[in-house]
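Some structures to go through are shown next.
The same subunit A turns up in both complexes below, where it pairs with subunit B and then with subunit C.
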Partner chain A sequence: MNKKVKAKGRFSPYVYLVPSLVIFAVFLFYPFAKTIYLSLFKTNKMGEAKIFYGIGNYADLLSSPSFWNSMKVTLIFAVIVVVGSMLLGLITAVLCNKAFPGIRFFSTAYALPMAIASSSAAMIFELMLHPAVGIVNKLLGLDINWLNDPNTALYCVAILTAWLNSGINFLYFSAGLGNIDDSIYERASVDGASGIQKFFSLTLPGLSPIMFYTLVVNIIQAFQSFGQIKILTEGGPNESTNVIVYSIYRDAFFNYKFGSASAQSVILFIIIMLITLVMFRIEKKGVKY
Partner chain B sequence: MSQTDVNVLPGGNLFQNKISKEELETLKLEMNKKALLKRRSQTTGRIIANIAVAFVVLLPLLYAVSIAFMPSGELFSMDMNLVPEHPTLENFSSALTNVPLIRFILNSFLVAGLITLGQIISCSLSAFAFSFLDFKGKGVLFMIVMATMMVPGEATIISNYLTVGNWGMLDTYGVLIIPYLTSAMGIFLFRQFYMTFPMSLYESAKLDGCSNLKFILKILIPLTKSAIGAMAVYTFINAWNMYMWPLLVTGSDKMRTVQIGISMLNSVDSQSITLMIAGVVIIIIPSISIFIVGQKQLIKGMFSGAVKG
Partner chain C sequence: MSEITLRNICKQYENEHFAVKDFNLDIHDREFVIFVGPSGCGKSTTLRMIAGLEDISDGELWIDGQLCNYFEPKDRGLSMVFQNYALYPNMTVYGNLAFALKIRKMSKTEIDKTVRGVAKTLEIEHLLERYPNALSGGQKQRVAIGSAIVRKPKAFLMDEPLSNLDAKLRAQMRIELAKIHKETETTIIYVTHDQTEAMTLGSKIVVMKDGLVQQVAAPAEVYNHPVNLFVAGFIGSPSMNFMKAWVAEEGGHAALYLGSMASDSKIILDGAKGQRLLEKEKGNEVIIGVRPEDIYEYEDAVKGGFDKNSINICKTVSTREVLGAEVVLYFEEQDKTQAVRLKPENMTRVGEDIDLYVDPDRIHVFDLSTEENIFYGKEQQA
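Now for the complex of A and B:
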């Protein structure tokens, strides 16, 4: 009896981990390894590795103008999205920083975009940007085909994405503002500091820990945007919105170049990992707690 | 509080109290008139700024709702037409009949509901083991689980698609649900909460003959309702809004989820823009409602756990 209990005790901890670990193993570790494996091969239309190609897929990518265009587009897109969504999140959080009548309504409104799907939002923006009947052209008195113009399409999808991501940033920054001690503001007021001075010398430094975390999360999220691009522009016009995730999708599921698509996935992973590591390195040096 | 204050004031009946209170108030008002005026104008300024910003943030949604009620003939005019002149429900009814929207909604509810339930179960079990049990390789396993957060979905999605294709699982509920039945973030969140409980809680329960499973069900889960609530809201909304995976693995109307189904309304002729927007409004309602109802819970669970860590 005693022996049985002991034996059960030795195995039972793992039993609780089995559901999660099995899912991770089958749908995360295995496919991740397989993606790396596929990136070294030329594949057939079924996605089976056929000819060993070494780093050929990577070499082809690095010498392809289309890939570099993708990288450039992704970078511009990510910068607009991250700056835009963090700025909007910060402004709205500061606006709801002090209690006032109606604060509950406004905080719900500012967080709301996080509940909206990229595909639904994309369809609403498609109508707003419609050249003939859309509200944007009507309000501005313009006649621009926003999504079909290579000069404007990327900015449109980026602004939409910034709007979508701003909701959760509002929550992060509100939590961050809540952690700043009110008494430092009072002391600053006594010393005659203006509102703007207080914002730049007290609020922003006080937010730096959460700001840093939010920045990392936002960059990663921006790199992975897909639904809005698929619906609004499909990477066009002239590849002006062909961000790397869309390029992966197109290469794999339209061109059946699974090897090249896998190589791009690996590159995406490496970029995200490097950004995360660099950011954590910077954090250790620079963020004031 | 103020009630008791009034009662314990010495020798004062209610009438006298009221007078002195009012006098005090006017005195205070006069004294602080300037400060109050300033504060009031600040509050007013804050409210005006909030109304302006909230209007911009909500504009896409307000516009969508307005267009959803607009007869499609009205949309195609050169005038400013932000609000429908003759509001109609026709767009909603034709959105529901043009594509099997009800079926998509049920599919999404089923998929998102089961994913949420599954994640809560698998994550609480794992977090329990990581917090209360001792076993070989615990640290390493936890690191491995946390490292999965670094792998972007796109790095696995192609291989996953090929795998489930080989298994003949395409276009089933299983393929929509099973890959999402656990999450590193959930395990982390629950563990953060469990770590705040003293080990003695677990040990004394064990001494009383409480099995591990019973401990989770009867003690841990009731104590971590806010974490579970936060996790449920977050997971459900994300699952409801999933796009890339369902796009790849569903092929028939029977299995399509709302986000994919609604894009079908997109491809039809431009005369039906109003119909498409009505469909979008219909499918946004569930995720927004759940968000509004669960928002408090979400914030409480997300941030109290993170701060304690």
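Now for the complex of A and C:
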């Protein structure tokens, strides 16, 4: 009897975890394990593992120029997106941190990209960037085929993504700024600091804890961007926007090379995990309060 | 040298409400000026206007002969200590002390020398490498004061700097502030709602209420000669006792009848004070104010020679507080609790009656409608 109660006590915590574990298992753990499994096989068109290929898929990738191009494109894309979206979020948050007439309008406007689906934003951008009728060419008086030129397509997609991601950054940074005590700015004013000195000595360090979190989230988000690329460029022209997530999609659902796609997924996972680990390591040293 | 002059300074908010109205004050070099008053009286607002953290709606602010209304805070040459210390959380104590100097592009060796000098004065040398979140309240306070004195400003502005400390630490820091004032020989403008701080630290006290200056004077002057009912009641602890009385003439002297004309408790005021009272208020009802230490037992009244002229208030003691060096008894009069401060030997217990005599020379009389002190009010000072 006593033993039964004890056993019950030992297992009951796990029972409460079952619902979330089931969801994680179905949508995360199982696909993840299956991806690793598939990455070691050659598959048929149904995505079924047929021939054990070992690390063959990985070896093929590492020797493929297309894969390295993907990596390069992804890196450039991620840098532009992370820097752009964080700068945009930070600047708009700092601007809106002061009370002035119309502040609500501006706050809403800056946070709005959060509420826009990447696909609809992409379609609006497509119109704006249209070589013949697009407003961008009209305003700039240029005649550039933005999305079909390998020199500009990646930047266009990256800037759109940066803008899309800036909304949530605006929100994070606004919250972070709200946590900075106003009186330290007053003291700095009396101490003789200029606006720029205050920004670099107080605001940026004050935001550093949330800055770190935002950076990690943004990097992960940037690596996983897909919708806007699918709609605007489909990885082209000439693979100039073929970021790794799009390359995975293309290999799996166009070329039916599920093994190769799985291997790329695993590589993407490892990259993101390494970056996150390094960032956490740095955070422990960098944020001092 | 620093002379700060405020001329008709006003602070008005958008809803037309005046936070400060017509504030006039001359602050001389090396003065320790205290703004004191209840919450919301405009004392902090005035300080912040001097600092440049609030716009001045009307009036003129002169610092060392320069009109400073539109100067940025950094160009006014003042430094400020805030109530919540306002230490930079991302900088060490050293960084906090050095910040204002770095901005002024002082050389590193000079900064180091100055910072360490100030740290030594305030006994915070061992804390220099710590961050503010690892400091106690008292230590934060020292760092805040250190950050203010490190760059030798024209004047220090202090906004309730001791209010977040416990009573013992507050008393200790009060003494240190007085010492710092003496050593730095700088003007200090200090805001507090604590009248003990005001009385002990200030060389000049500015008592404020509802945005208006009530009285500007030395601490003893404010205590002994309050200009009106508010100042009389605000300064002093326990506060002054107030009772209503009627003024009548008796044998050429002024007589004050406590409560009503038929009262057998009365006080005779002779001499100039009596004449002044009769001139102004004969036949009127007035408010008399008596400090708890100006009420005596019979023997002391006889010794003081005022037992014949004084009110004899025979009262039942409602509360007794023994404070060591003195005992404070409370009794009810005119539906108000009144206090009397007596020698510790007094053994009257709660519920017992006690005969009390007021020293007539020490009473204050206030006009019932204007609440001005009839003897020391603004009219007399003018």
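Going forward, the second predicted complex is superposed on the first by the 273 of 289 C-alpha atoms of A that agree within 3 Å, B and C clash if a C-alpha of one lies under 4 Å from a C-alpha of the other, contacts with A are read in each partner's own complex, and residues count from 1 in each chain.
Everything that follows uses one rule, which is that a residue touches a chain if its C-beta (ideal position, glycine included) is under 8 Å from a C-beta of that chain, and two chains touch if they have at least 3 such contacts.
None of these values were measured; they are calculated from a predicted model.
*Asks:* In the superposed arrangement, which partner chain does A:Arg281 touch: subunit B (first), subunit C (second), both, or neither?
*Replies:* Neither partner.
*Asks:* Is A:Ile184 touching the first partner subunit B, the second partner subunit C, both, or neither of them?
*Replies:* After superposition on chain A, A:Ile184 lies in contact with subunit C alone.
*Asks:* If we overlay the two complexes on their shared chain A, which of subunit B and subunit C does A:Lys72 touch? Say first, second, both or neither.
*Replies:* The answer is neither, since A:Lys72 touches no partner chain.
*Asks:* Just to be sure I read the superposition right, which of the two partners does A:Thr35 touch: subunit B = first, subunit C = second, or both, or neither?
*Replies:* The answer is first: A:Thr35 touches subunit B but not subunit C.
*Asks:* Once the shared chain is lined up, is A:Gly192 touching subunit B (first), subunit C (second), both, or neither of them?
*Replies:* The second partner, subunit C, only.
*Asks:* What is the contact status of A:Ala117 with respect to subunit B (first) and subunit C (second): first, second, both, or neither?
*Replies:* Touch status of A:Ala117: first partner only.
*Asks:* Going by the touch definition up top, name the partner, subunit B or subunit C, that contacts more of subunit A.
*Replies:* Higher number of touched subunit A residues: B.
*Asks:* A:Lys50 in the overlay: touching subunit B, subunit C, both, or neither? Say first, second, both or neither.
*Replies:* neither
*Asks:* Need the overlap of the two footprints on subunit A, from subunit B and from subunit C, as residue ranges.
*Replies:* Correct list for subunit A: none, the interfaces share no residue.
*Asks:* Where on subunit B is subunit A touching in the complex?
*Replies:* Interface residues on subunit B, with respect to subunit A: 43, 46-47, 49-50, 53-54, 57-58, 60-61, 63-64, 67, 75-77, 80, 82, 121-123, 125-126, 128-130, 133-135, 138, 141, 144-145, 148, 150-163, 165, 178-179, 181-182, 184, 187, 212, 237, 240-241, 243-244, 247-248, 259-260, 262-263, 266, 273, 276-277, 280, 283-284, 287-288, 290-292, 295, 298-299, 302-303, 306-307.
*Asks:* Which bits of subunit C are touching subunit A when the two form their complex?
*Replies:* Contact set of subunit C toward subunit A: 51-53, 72-74, 76, 78-80, 82, 84, 86-91, 99-100, 103-104, 131-133, 147, 151, 157.
*Asks:* Contact residues on subunit A for subunit B in the complex?
*Replies:* For subunit A paired with subunit B, touching residues are 10, 12-14, 16-17, 19-21, 23-24, 26-32, 34-35, 38, 46-47, 88, 91-92, 95-96, 98, 100-102, 105-106, 108-121, 123-128, 130, 132-133, 135, 138, 163, 166, 171, 174-175, 179, 220, 223-224, 226-227, 230-231, 245, 248-249, 252-253, 258, 261-262, 265-266, 268-269, 272-273, 276.
*Asks:* In the complex formed with subunit C, which residues of subunit A make contact?
*Replies:* 181, 183-184, 186-194, 197, 201-202, 205-206, 208, 288-289
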